[in-house]
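Read through the structure below, which is laid out as structure tokens, and then see the notes.
Letters are used for the chains, namely A, B, C and D, taken in the order the chains are written, and counting of residues starts over at 1 for each.
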Amino acid sequence: MASLNLQRNLLWIAVALAVWAALPFLVPRNIADLLVFTGIYTIAGLGIGLLLGHCGIVNLAQATFYGLGAYASAYCTVMMGWPSITGFLVGAVISMALAYVIGRPILRLTGYFLALGTLALSAIASALFFEWDWLTGGTLGIGGIPKLDLLGFVLDRPSRYYFFVWIVAFACMWAAHNLVDSRSGLMLRAMRDSSTAAAALSVDLQSLRTRVFVVCALFGSLAGSLFAHHVSFVSTQSFTVDRSITFLLIPVIGGATSIPGIVVGALFITFLPELLSKLGDVHQILFGLALVAVVVLMPDGLMGAWDRFRARLVARGGSDA
Amino acid sequence: MTLSLILQAIFAGVTNGIVYALVGMGLSAIFKGSRVINAMQGEFAVIGAMTTVLLLTKSGWPYPAAIAGGALAGALVGAFIEVAFVRYMALKNASEDSFLLLTIGLALTLSASVLFFIGRDGHLLPPIGGEGVVLVLDAVIQLHALWLVAIGIGATLALRAFFHRTTVGLSMMAASIDADGAATTGINVGRMRTYTFVLGGLLGALGGILVTPLISVDYTLGLNLTLKGFAAAVLGGLTNPLGAAVGGVTLGLVESLAIIGISSSYKDVVAFSVLIVIMILMPNGILGRAGRRGG
Amino acid sequence: MPDSAPLLALREIGHSFGGLSVLRSVTFDVPEGGIVGLIGPNGSGKTTLFNIISGYIHPLAGTIAYRGRSLARESIQKRGLTGLVRTFQTPQVFEKMTVLENIMVGCAKLTRTTMLQDLLRTPAARGQMREIYRRAEAACERFQLGGLRDLPAASLTAGQRRILEIARAVVGEPKLLLLDEPSSGLNAQEIDNLREWIVRLNEQGITVLLVSHDMGLMTVARTVHTLYFGEIIASGDMAAIQRDPKVREVYLGV
Amino acid sequence: MSLSKIARFATALAGLTALAVGAQAQTPAAGEPIKIGAIVSATGAGAGLGIPERNGLLLAEKDINAKGGIKGRPIKMIIEDDASNPDTALSKANELIFGQKVVALLGPSLTASTVAVGGVTHANKVPQIAFTGIGPAVERERKCVAHVLPPQRLNAQALLEYAKSIRATKVGVLHDAGYGNVVMAELRPLADKYGVKLVAVEKFEIGATDTTTQAAKVKAAQPEAVFVIATSATPFRNVKQIQITQPVIAAIGSSSYEYVNAMGTAADNIAIPEFVVGEDPLPHQKAFVDLYKQAYNSTPKNYEAAAWDAAHIIASALNKAGADATNEKLCEAMKAPYSGVLANYDFSADDMTGIPIGSFVFSKLVGGKYTRTPFRVSQ
């Protein structure tokens, strides 16, 4: 019985990969553009999903690390003329360092206080991005960020960049999956179910939460650098508090505890406004209502609802599953 | 750094502080009554102010009636939110996070609706007590600002009396401290939660209406007021509406003194840094133990 | 039992909550390899003392020495690493995790992986995970929980939860096991099973400090201290305790 | 298209059919339309610029087609909204260039979006006319991107020229962290050249609800005039609230009727260097102003005129280079000087605008009404 299941899963994965590979060539350019954004939002959303799904932490500061990654890439390539890889590294190091230094005190807070703490961090960073215009270019931002070139192979068309971004996204999903299945993941889930019992078994709650916060910042910075090279321009408007709120919605809508759910959430965030914008100004209302509907009707996100739906299907379907 | 500059900063700080306080009081009243952090508290202010503007300009109501209408609008929206969403989710005992996410969704929806139905431009309301100003050592404070501070303090005292002296207020407090215990004494906990949202909506709307003569209100004002109201409520210990009043004024003063002390561009950086430090060092807010117990 | 230095030594422990004095001056030892009981009616300060020993509360007065070293500023986690592990009055199992996974968490402290290794699933990380898996499976068999292995802990009975909690604590190779009201919520048959386990674990070298108001279970302890209004009013084996006039007056109101 | 937009569109159509009937002898254009793309910020923070620009574009499209289009072929304006967000502007630009295959791109409204879109138009050599002044250095390399609004250096110069004209040597500045920062960066070096001392410079964050304390700091420095550089009405109200009586000089970014309503009683004794004063237009602006009033029954200002000029510049370039000219040829044709409604341009200048300081007119808000002062900067 098991091998049949395995074959079916492999078949599913093969089909999905084929669709994924062909997609950028079939769809018009702006859809390919949006698919690249979906990849970037998946990476940023993964970090928040880990914190929300596995530590129960509402992180409203992801736009800060996303911005740091983007500005690092912009500054290293445009201002300093270094190769693009340095932007990724500098951004990652700064974001992880900041996440560690700021994370330790803030993560002592719990519940709403922690959510507000991250919101305050996002507001401070947003104000500083405006203020330090010698570094970030302020409102004008930094333009002319070169397209990413991998050892001479320039990724200028969205279809090429699409493959690079999604390979990075798959790698991050693989890493997140590993983390969930690893010893750290075990302790995370224990902490989530009962932090008192976990403490009694010598699980260091504080450092575990901080380390996941640092991993979340790393993913945010990676996504920011990819965004900078894709849009070849960065400005303060892209790293405000409402961008942090949008990032938080990715795991909420997709389903915080499932990794594929993050991709579903990212698709929702990128494509729903695009689909609804055809209806004119009313689309922002519909986006808000869609969010309310998901939160009220599907507490564990679209993925959760899908799993429950499939479970009901299987139950009714009897033995043929 | 003349004296009049410091006075002006203090006037501005107290005036803004009272607005943050009103929004913050509504927020912590709702949190106290329902354990829900209301991320759309600022939208109550926008709804209250816009309703008053429409009643005043479109339907030509007298100003006091328009203000009452605006405050009522906030209360009704509060009631609707509780009955339509919060009650259903409470029945399915949803987690605390999902309530926060619900209100974020509602905030996006409401501000988009105000944009769609009322449009983009900002509106002003005539100041209470006319355009007059009071001069103190060359520092200027508007008559309306004095009215705002007075009404703000009045609302704070009324809220305290309401919670401690009226039967509805007492049962609301009881329901929030121990729902099961209150239920056994015959208090309809569900209805109490609705009342807290009505109260939260009323306070939020009042804050919005009072601030509109000073700053024009538009669909984007909600998030900004929610952030500051949130900070005020947390400074006050989150479960203590009266603490939010102290928290609000403190935040307002910290902001305006930061402008003249440090530099005007670091205002938000200083204000939010102070907020983080206070949250970490004083988990019960500035009032300490009293903050947690409910004042 | 050679009279070596006591595993745990409590000296003049005092504590109060907001002016209300809960523990006056509690002094007693837990010898290595022994089973020590602590009984007292509700409100006698048993749980507070238990939380002080396990590090959840820092006492206002007095000192605790564990294996000769003071526990003054040791965190809960640090005490766990040095072999001092506690259970809870209502068993705190990880509800959404399976029985096996619950026990695996207990093995976590014996292994070491960094977050980076876990992210990249390095051979070292995989090795540690296999080690955790192996130890947990062994413990499952040992505590006859094999049948329930893959059930979520939420579906266990009170007795099974208690055994799971003990298994989870024991798999971390503790020196001193603190049991907090372990018999509460168990039926007679489950209490006998529990009693057997306590004796067997003690024979395998684990020192036990048992806190309970259940006189029946307490017979397993060699020395029992009776706590009343924050003070030890009597110490000795179970028979001596039952005959002690002060205890009879307090307990049986005779 | 939402209800309100359709309504406005309908009134515009009615007005224009009347105009078309009265047009000169040219027969209206026919044949396969030439697609011109445009991106404006019709929603979000920049809507105050985007909506007037869109009105200007639609008016220009009708006017060009009524006068025979491009050698008989009509132009078709495809207008997208970037919601004041550079990311959205970029994907809309991709859609227009690669999806719709437009021959040229007009807009966007905000500097940030312009720099973002400029990356795409420059890479694909698509001629672009932006409704912003030239911004960061990278834009200087984009030879095919013209700007129909002056660079911030010129705006700063105009402010200083006016201060000099009222003999104000001690000036206070109240500006926001976005638009204000950009103009301030140009103003600081120029101030010394004009012998103007900046006695107080106070900044506030975008979306600030109260700037009274900053205004008080400016007042405490006893300036002879106050520059207010912002994209919100709040600072203007706060300046009046704390009774700063010295003349206030605003930057062009705050000159629109939307701000005047939001300022309420504070819209008084405020001088603004700009280009179009609908109530009292310069002779060469009269035709455009009347046409606009007839179509939208409201008075046009700078952004409507800028969009109108941009459309006509592209039309004249298409006429010169031919409708199906290559991008490079169209770009060259666009380089020539052009005397527009807003100002006289010379796109071969190094700031891609070539607007002379003399083109500025200086309006003054008196009791909420725009009046044109006689002051002009002699070249």
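Throughout what follows, a residue touches a chain if its C-beta (ideal position, glycine included) is under 8 Å from a C-beta of that chain, and two chains touch if they have at least 3 such contacts.
Keep in mind that this is a model prediction, so the values were computed, not measured.
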| item | value |
| --- | --- |
| Required steps from chain B to chain C (each step between touching chains, minimum) | 2 |
| Greatest separation from chain B - chain, by CA centre | C |
| Averaged-CA centre spacing for the pair chain C and chain A, given as whole angstrom | 42 |
| Inter-chain centre distance, chain A versus chain B - centres from mean C-alpha coordinates, in Å | 33 |
| Distance from the mean Cα position of chain D to that of chain C, given in whole angstrom | 75 |
| CA centroid of chain A to CA centroid of chain D, Å | 37 |
| In chain D, residues with contacts to at least two other chains | 2, 4, 43, 177, 205 |
| Residues of chain A whose C-beta touches two or more other chains | 127, 130-131, 281-282 |
| Overlap residues in chain C, where contacts from two or more other chains coincide | none |
| Set of all touching chain pairs, with the criterion as stated earlier | A-B, A-C, A-D, B-D |
| Parts of chain A lying in touch with chain D, wherever the complex brings them together | 28-30, 33-34, 37, 78, 127, 130-131, 133, 137-144, 156, 158, 231-233, 235-238, 277, 280-282 |
| Of all residues in chain A, those that touch chain B in their complex | 52, 56, 58, 105-106, 108-109, 111-113, 115-117, 119-121, 123-124, 127-128, 130-131, 241-242, 245, 248-249, 252, 281-282, 284-285, 287-289, 291-292, 295-296, 299 |
| Residues of chain B that touch chain D when the two form their complex | 2, 4-5, 8-9, 11-13, 15-16, 115-116, 119-122, 124, 131, 133, 139-140, 142, 211, 214-216, 220-221, 224-225, 256, 259-260, 263-265, 267-268 |
| Complex contact set, residues of chain D against chain A | 1-2, 4-5, 43, 81, 84-87, 90-92, 94-95, 98-99, 111-112, 115-116, 118-119, 123, 135-136, 138-139, 141, 177-179, 181-182, 185, 205-206 |
| Interfacial residue positions of chain D with respect to chain B in the complex | 2, 4, 43, 45, 47, 177, 202-205, 207, 209-210, 212-214, 216-217, 220, 233-234, 237, 241-243, 258, 261-262, 264-265 |
